[in-house]
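Naming follows writing order (A, B and C), and every chain is counted from residue 1.
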Amino acid sequence: MNVKAANPLERYGAGAILPIVLLLAWQVVGAALHSPRTPLPSRIVAAAVTLVASGDLPMAILQSLGRVFAGFVVAALIAIPLGLAMGNSRAVERNVDPVVETFRPIAAIAILPLAILWLGTGTAAAVMIVAYAAFFPMIVNTVAGARNVNPTLLQVAATMGLKRVTIIRTVVVPAALPSIGVGLRIALGVGWTAIVAAELAVGAKAGGGGSGGIGQMMFVFYAYSIELNRIIVCMIAVGLVALLLDRLLRAAMRALMPWART
Amino acid sequence: MTAAAKLRLAGVNKRFAVAGAPDTIALADFTLDVRQGEFLVIVGPSGCGKTTVLNLLAGLDTPSGGTVSIDDRVITAPGPDRGVMFQDYALFPWQTVRGNVEFGLRYGPAGNALDAAARNERVRRTIELVGLTGAEQKYPSQLSGGMRQRVALARLMANEPEVLLMDEPLAALDAQTRIILQDELLRIWGQDRPASQRRTVVFITHAIDEAVFLADRIAVMTTHPGRLKALIDVPLPRPRGDATRALPEFQALTQHIWSLIRDEAYRATVT
Amino acid sequence: MTQASHPRLVATFIYVRTMTVFVAIWALVAWLTANPILLPSPLTVLGAAYDLARDLELFQHAGISLGRMVISIGIASALAIPLGLAMGLSRRFERIVDPTIEVLRPISGIAWIPLALFIFGIGDALPVFIMTYAAFFPILLGTVGGVRAVDQRLVDAARTMGIPQRTIVTRVVIPAALPSLLVALRLGVALSWTAVVAAELIGAPSGLGYAVEWYRELLMTPQVMSFIAMIGVIGYVCDAGVRWMNRRFAPWAQALR
């Protein structure tokens, strides 16, 4: 544990110097170029205000988030029960694991053309991609959580005469929850990245057609209006949402599992 | 008449800053002389500052007040003249036994005067001294606890330090291995040689019987803040061995020291 | 069943058995849907893959993608490892640099694609840029974590031998941090390989991602699946490669797993 700097201003002040200096340098050098298209911090802020005020940005984010949650739920409904089954039964694990491990190295975005082939360039394909992407971290962590239950805990339950199913319900699942939570957290991050990628790719392929979402909005700004400042606003929004989702999920986990160390 | 002290702590204070709380005072007005060639053992309850004393003598830390010196020179930094053995050995996992033992000679000042042949010879002799001949190519992860302890000892002995500082080196071993290694430690230290030819040892332990078995003198510390409570001579004859433990003087000394520490040890279990 | 004596044989057998079942189900569904564009039969896919391999097209694209990844990992490591060392060793330096990094980190490499498209255009530079960016942060964070996790006692032990600070960094800190670094490298490779597909799909004239998309537009599903399979194979091989490096260069860490 590091001995903290006595003064919080000193602690954060030093860190803020570099970004501020970089931003100022950017603004000054960029403005000197006298080109209307150059992205500048000032223009980015202006673009952000416009996009938020018009509701375009919030709408796009909500659209993307909706797809992420849909895919997330689909993945969780399959991955968590399956993962628990695999964690508790060697037979199930032996038979399912090869398939999982064969597909795990194939990134979700590689499946996108297949998804478009099957489901068209709309929301369905995007949701499928998110579900695919989220599935693997969820199942891997669920299996690990179920398998890594301290065997002594299981012995304690057995010596109290509990039946196997009860033991799974009352010992294995709670003990595996922190791991499952980690899997969910990773899956959320992966899913968010996947939806942006999917919407970008779909936007590129469908010629900016109506799929919506922030990825597609970014592509439109590139391909049709070359609004670099707006692209950057979207990038920042993508990052902020990713951070926010992670923090929210962590807080939820802490609230639900006060006994676990994150 | 006081023999010239090899190591001296004079009026040492040590405080640690803690975020969001008043400073912790680890040592208050601590004064102790360690004589040349003696085996000094420090005992005390947990958290009484024993490790702090060792860190100050090693030069890994500096006092907030008072002085710490060797041969009347103030200690400001660590160095090979004061070899340290840590509680969990701190062996380099990526080096073999040989690599660990020769580390200080290869990369540090202790090996400056030696050419490769002389270095290899010293490494070989040191490994032989601690009884590990034949295990040179093994990695720490392949060794038992007792063997790791020997490697750690060899690593610091290879630098031929004047002083050995040991922080509970036998704590991680099971009781039987401990006894064997206590004997080995005394042998390697050279307990049957005169004081002027022996290295000075400052040894920390929790175990009182271990302290009495090994020491020439025992420094008993108290906690909150860390102070020297008593300095006790151990006149048991050398060389010491299994028979020593059966002596009535051994039992008496052990009981006496325990009576000094007992209350604080009890308090530590309930707070 | 002599499982204990031939665990590897048993595992392989079960793998083959499971995949056979999987392929059989696939063949059945393909036969039932009878739409070769939607779901070609396993045999058709195998045939397409064979043709692509024989024409070397499969390997050409694979080689291009792989080459891009190697370059990206190289650049990312060259930047991230020294920076990570500096950050791990000096709290002050870390405090200055860290907020900037934490601001950039959540913006995934993929979000950079439109901007990068504008800067680099379609070509080789775009995938390499995106992949480098994707690999940079895991490698950096892993290096910092690895350096910080170095047992302080090891450094103290070296200090008590009087070893100078710079030697401590090269002979103690770096070897001790090596296992963590290789784990970080593994993650960097994985993320970089994921980014390759997205980047090539959108912004490159060659490579596996491009090939997948090219054949999709032609509605040649067997070829699409062949290239997707290739993506998976190479991803697995690269991961195995880094795991080998871990065993070879940091064998002592294996005992801790």
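Here, contacts are C-beta pairs under 8 Å (C-beta built on N, C-alpha and C of every residue); 3 or more make two chains touch, one makes a residue touch a chain.
Quantities reported herein were computed from a predicted structural model and do not represent experimental measurements.
*Asks:* Along the shortest chain of touching chains, how many steps lie between chain A and chain C?
*Replies:* 1
*Asks:* Which two chains are joined by the greatest number of C-beta pairs in contact?
*Replies:* Answer by contact count: the chains A-C.
*Asks:* Quick check for you: compute each chain's CA centroid and the global CA centroid, then name the chain with the smallest gap between them.
*Replies:* Nearest to the common C-alpha centre lies chain C.
*Asks:* Based on CA centres, what chain would you say lies at the far end from chain A?
*Replies:* Farthest from chain A by mean C-alpha position: B.
*Asks:* Cα centroid separation between chain A and chain C, in whole Å?
*Replies:* Using C-alpha averages as centres, the distance is 18 Å.
*Asks:* So how far apart, in whole Å, are chain A and chain B when each is placed at the average of its C-alpha atoms?
*Replies:* Here chain A and chain B have centroids separated by 52 Å.
*Asks:* Between chain B and chain C, what is the gap in Å from one C-alpha centre to the other?
*Replies:* It comes to 48 Å between the two C-alpha centres.
*Asks:* So in the complex, which bits of chain A are touching chain C?
*Replies:* The contact residues of chain A facing chain C are 2, 11-12, 14-19, 22, 94-96, 98-99, 102-103, 105-114, 116-118, 193, 196-197, 200-201, 204-205, 218-219, 221-222, 226, 228, 231-232, 234-236, 238-240, 242-243, 246.
*Asks:* What does chain C use to touch chain A in their complex?
*Replies:* Interface residues on chain C, with respect to chain A: 14-15, 18-19, 22, 37-38, 91-92, 95-100, 103-108, 110-115, 117-118, 193-194, 197-198, 201-202, 208-209, 212-213, 215-217, 219, 221, 224-225, 228-229, 231-233, 235-236, 239.
*Asks:* Of all residues in chain C, which touch chain B in the complex?
*Replies:* Spelled out, the residues of chain C in touch with chain B are 151, 153-154, 156-164, 167, 171-172, 175-176, 178, 250-253, 255.
*Asks:* Residues of chain B touching chain C in their complex?
*Replies:* These residues of chain B touch chain C: 58-60, 77-80, 82-84, 86, 88, 90, 92-94, 103-104, 107-110, 139-141, 155-156, 159.
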